[in-house]
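So the structure is just underneath, and the comments pick up after that.
Letters A, B and C mark the chains as written, and numbering starts fresh at 1 in each.
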Amino acid sequence: MSGMLTELRERRPLVHCMTNIVVANFQANGLLALGASPVMADAPEEVEEMASAASCTVLNIGTLRLGTLEAMEMAGRAANGAGKPVVLDPVGAGATRFRREAVSRLLGAMEIMLIRCNAGELAAIAGVDWQASGVDAGQGEMDVEAVAAQVARKHGCLVAVTGQTDVLADGERTVRISGGHPVMSRITGAGCLLSAVCGAFLAAGNDPFRAVATALAFYKAAGGRAAEKSSLPGSFLPAFIDQMALLEDKDLTVPEPEKEVRA
Amino acid sequence: MSGMLTELRERRPLVHCMTNIVVANFQANGLLALGASPVMADAPEEVEEMASAASCTVLNIGTLRLGTLEAMEMAGRAANGAGKPVVLDPVGAGATRFRREAVSRLLGAMEIMLIRCNAGELAAIAGVDWQASGVDAGQGEMDVEAVAAQVARKHGCLVAVTGQTDVLADGERTVRISGGHPVMSRITGAGCLLSAVCGAFLAAGNDPFRAVATALAFYKAAGGRAAEKSSLPGSFLPAFIDQMALLEDKDLTVPEPEKEVRA
Amino acid sequence: MSGMLTELRERRPLVHCMTNIVVANFQANGLLALGASPVMADAPEEVEEMASAASCTVLNIGTLRLGTLEAMEMAGRAANGAGKPVVLDPVGAGATRFRREAVSRLLGAMEIMLIRCNAGELAAIAGVDWQASGVDAGQGEMDVEAVAAQVARKHGCLVAVTGQTDVLADGERTVRISGGHPVMSRITGAGCLLSAVCGAFLAAGNDPFRAVATALAFYKAAGGRAAEKSSLPGSFLPAFIDQMALLEDKDLTVPEPEKEVRA
């Protein structure tokens, strides 16, 4: 057992979210339940100070405006300068040209420690042909593990592609996390909150790969347990938040990564 | 039975919402529970592309800014150009001059397929004297069916005036939908989500009048069933989302419209 | 018993919130459950009209942008001009220079009737040394009652510092309200909603000090009762909203204020 959840709750990391209007409340409540301290701030006048003071910064382009994109670049650079991890959630990366270019700008402007996305967003980042639809994962043919590893190597970061089975890659190693429940795809912001949860674990642990793997395992476990209470989306939501508050390190099973043979 | 709900769930329409900060989360969760795919986007840089790609666009002025009003005009025209339905939710239309003018601009800039409003908002659009209060329906004397039909004829659109009993008019026909529960007026965004639900049904059906009537019947049924679980607003909310996921075509009763004699 | 809750529900005050993207939904649902009528509006084009028409205006800097700060000044002055109370919620006042300056600007631009804050925010306003973290209360050494009274005298307003025990000061008198439950610090927006609830009570009562004391007692009572249903944050939330709808005047105990000896 890693003890990382206990460690997180003791440190109570300040997670600075620059996020969208759909999930801001859910992200904040999820982070509080986990034991982290959320703060949402995206004014250009304060993001550098907030990102420097926070334990990590999570950039989410779900309802991005151009002014906020610029503030995200400022925040990301400030976080980099302060040695704090930056998580990128490229929501609907393939849905519009604006989003594709925003992701490209953010990846170019700062060091991202983790990209947390779904399969469709991964495809958009990697330039793989894909049938995306809005912010859904969509459908297509892609070797998710290979593409995730490729994107990880290209951008020098971790890549977590989440869905029915999560894949975490750093370009050398890969780990798969299963569990959870299909109802998690029927609530909005499940991926967005997960990105912030990964940020909280990154702020709490010293080994980024293991921290994110633990975050993914935590989230699957919380979802699986909550679905035992209800697998209907409305009543699943409060149960899911409850489970984030209840889970302990002993409830988490984090699988060991596999070494990957490069193509 | 129409089978329209089944059809909607098979098509999984992408519902593009330009919406307010109060209801964005509730709208997204409601659409997901229904079986649609929500996407929120309001940056001028992407709304045309999003509106063209989406199955329908829902414009909601609940916390409107001037820049977003301009983006709404762009999105509406793009949706028109792509042959996709546009729904207008004139939240608090009578509350301020800014909102009255915004509604007027939107109605002038594009073809709206449906105006979904409450009685106070209808009065504001029709120029009828009314005691509105903020975004509440307010109170006054008005023949809702006659005014709805008149607004429908003037703007060449459907008008759904929702409340204790819903009225749907296209200028020729009227249908009344009853049911639901008073607690629905004690949760925020009940009307806003309904507008988006109407958009999803419009995207799924071929007969717009019947599609909206079915959406209204669906919503009343979901509200009525959820209120059997709890008629207190906090616990009603998750039950309401659950019912949106549970309802099937066989649970819906869509009354036949009546021909109206024009004044 | 004051009967103020009954009075509030009969008047159904329109509470104009200029608020943040995290709590807007929760604030609106809480105000509706209480029996008030929420309206969120922050466009410079309409805030003066909205603030004049509303029963009170609540300014919340949780995810403030510069443009909204200017609109808040306009709204505050309009509310002052119309004789309507203004509540200031200085969310995370000490977290960044931008927030400190925003609070200072707002306090200088209008008459505030109530500052509702946590201990960390009070320290920031009073210039007391404090270990704040984001929007959390943080930790430090401060005589909360003395500092609250001092800030109240300086700005000629009521100051409510809420936490495990709430303190309300007007510079002459102080009242302490206890109750509630620790889970209230594990849900986002508990303070933000409380500010809006205070605004609703201010709009309903004739004695501002007693109105706010009653609002604080109401909130503690709702939280305490909801925690009997569940002390886990996810399931606490709907129970809390339910209790806001259920509570009656007879359920509230509002302690008498104590006269304070000035330093």
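Simple rule for what comes next: a residue touches a chain if its C-beta (ideal position, glycine included) is under 8 Å from a C-beta of that chain, and two chains touch if they have at least 3 such contacts.
Chains and their UniProt names: A, B, C = Hydroxyethylthiazole kinase.
All values derive from a computational prediction rather than experimental measurement.
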{"item": "Topology of the chain contact graph, where touching chains are joined (line, ring, star, complete, other)", "value": "complete"}
{"item": "Rotation angle (°) superposing Cα atoms of chain A on chain C, nearest 5", "value": "120"}
{"item": "Chain A-chain B separation of Cα centroids, rounded to whole Å", "value": "33"}
{"item": "Multi-chain contact sites of chain A, meaning residues that touch two or more partners", "value": "21, 24-25, 237-238"}
{"item": "Residue ranges of chain B touching chain A (in the complex, touch as defined)", "value": "12, 14, 16, 19, 21, 24-25, 28-29, 32-33, 37-43, 45-46, 49-50, 53-54, 237-246"}
{"item": "Interfacial residue positions of chain B with respect to chain C in the complex", "value": "20-26, 62-66, 92, 95-99, 133-136, 186-189, 230, 232-235, 237-238"}
